[in-house]
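Pasting in a structure now, in structure tokens, and then I'll have a few things to ask.
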Amino acid sequence: MNAFEFSTAPVDAAALAAPLVRPAAGGFAAFEGRVRDLNEGRRVIALDYEAFEALAIEQGARIVEAAIARHGAIAGRCVHRLGPLGVGDVAVWVGVAAPHRAEAFAACREIIDAIKHRLPIWKKEHYADGDSGWVNCEHAAAHAPAAAGFDYSRQRALPEVGDAGQA
Amino acid sequence: MNAFEFSTAPVDAAALAAPLVRPAAGGFAAFEGRVRDLNEGRRVIALDYEAFEALAIEQGARIVEAAIARHGAIAGRCVHRLGPLGVGDVAVWVGVAAPHRAEAFAACREIIDAIKHRLPIWKKEHYADGDSGWVNCEHAAAHAPAAAGFDYSRQRALPEVGDAGQA
Amino acid sequence: MPRVNLRYYALLREQAGRQTETVDTAAATPAALYAELAARHGFRLPASQLRVAVNAAFCDWQRPIEDGDEIVFIPPVAGG
Amino acid sequence: MPRVNLRYYALLREQAGRQTETVDTAAATPAALYAELAARHGFRLPASQLRVAVNAAFCDWQRPIEDGDEIVFIPPVAGG
């Protein structure tokens, strides 16, 4: 079992959770990110995920393992979908087993936040009006070089890399 | 679907989650409380749950609905087991669907905390040494009337009732 | 004297040796009734660590007892 | 001149019209290389909003380019 994996097949939450359970695990927290029908006011009908897989898998495993260790949890994993998804599909699943609920919730939340903000994964949304666009890219590109409206918090350097890794 | 239910059968997380999912739900958080093999330093081999069912169901539904409303989530539910359980069994399951992950996590956490502290549910643990005891009761009874070591935070009045409901 | 129905759970059920009982009581309030029952059954949990429900709703320990009340003394809870 | 292999993702892939390309470049650093490629392919994303990975590891924009490097410019991410 890798702590971070990609999948082109639908997520089977029960199968993913099973190997995380231990007799010492009193708490298990899980999060599913699903494709919403609405994003920033636009009606979404489908989307495509792509990723720099080798780097994302390596960094994703580090994120999961660091969160487990930091919060004193027992085991965790994350699976992210690739390819085309429809509204309601599970795009990402995170599960964490821990001795008690506080550690399980904290590690689960930290993992999903880091996965969303730090891994080289991209999402192209297809809208009901026929338009489409790469989330977080189109706005930045349209406003270059000023890029006033871009949310820099979504493109942070990894702690391992530091700000020097950022241009 | 009741927002809070008891079950004497094992929890089927996927079946419980299914009716909570909506096209507007971008985040789904779930928590499972499982029977640990260790509690306060003692080796646990099994336990029994019992409840004042009518009151717990009514108060449990209020807890779930209040958390959903307070955090702007979409839907949530909780199922608690009754009767004998073994180590590793899921004792309680909470699931919350929300537009985004922050609301899902916050409501899920609030629900499990309130369920554990406020509902009339009792747990008798059976230990590997042959002893057994009602959790949170034995210590309090043994130390009466001083009861110096009792954790009052676990026996709070419901907001609807207020401190007047407490002797 | 009012006649009330009691239902016991958990440690109180075991100490009372029964799940339910019906009693005729001179106690005017749940607080007085608990003191009476604690003496009879040897309950060691102090009332300060209990809550009381009458007719399936949490209520005040000083609420007057009425004939036919269904009363539950609620020991420290441990769900989840 | 060093020869490097590029792999494009997402918006950069679409704007470059290709997933991969191999280029001989006089650029000494990824920063200089991105400027060169942005001019060639019409990339509108400023480097300040990208990160760069060389040989499947995040690295500094001023790291010297070496022959055979596998270089990926990473647009703003959107996982989850």
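We call the chains A, B, C and D, going by the order they appear; numbering starts again at 1 in every chain.
We adopt the following convention: a residue touches a chain if its C-beta (ideal position, glycine included) is under 8 Å from a C-beta of that chain, and two chains touch if they have at least 3 such contacts.
Keep in mind the model is a prediction, meaning the values are calculated, not measured.
A.B. asks: Chains in contact with subunit B and with subunit D: which ones?
C.D. replies: Touching subunit B and subunit D alike, sorted by label: A.
A.B. asks: Distance from the CA centroid of subunit B to that of subunit C, rounded to the nearest Å?
C.D. replies: Those two chain centres are 23 Å apart.
A.B. asks: Taking each chain's centre as the mean of its CA atoms, how far is subunit C from subunit D in angstrom?
C.D. replies: Roughly 74 Å, centre to centre.
A.B. asks: Quick check: how many Å separate the C-alpha centres of subunit A and subunit B?
C.D. replies: 28
A.B. asks: Among all residues of subunit B, which ones touch two or more of the remaining chains?
C.D. replies: Where subunit B meets two or more other chains at a single residue, that happens at 33, 112.
A.B. asks: Considering subunit C alone, which of its residues make contact with at least two other chains?
C.D. replies: There are none in subunit C.
A.B. asks: Determine which chains touch and list them pairwise.
C.D. replies: A-B, A-D, B-C
A.B. asks: Quick check on the complex: what are the subunit A residues that touch subunit D?
C.D. replies: Touch list, subunit A to subunit D: 33, 49-52, 54-56, 58, 80, 91-92, 112, 115-124, 134-138, 140-142, 144-145, 147, 150, 154-155, 157-158, 160-161, 164-167.
A.B. asks: So in the complex, the part of subunit A that touches subunit B is made up of which residues?
C.D. replies: Going by the criterion above, the answer is residues 13-14, 17, 21, 23-38, 87-88, 99, 101, 104-105, 108-109, 112.
A.B. asks: Quick one: which bits of subunit C touch subunit B in the complex? Just the residue numbers, please.
C.D. replies: 7, 9-11, 14, 31, 34, 43-53, 56-61, 72, 74-80
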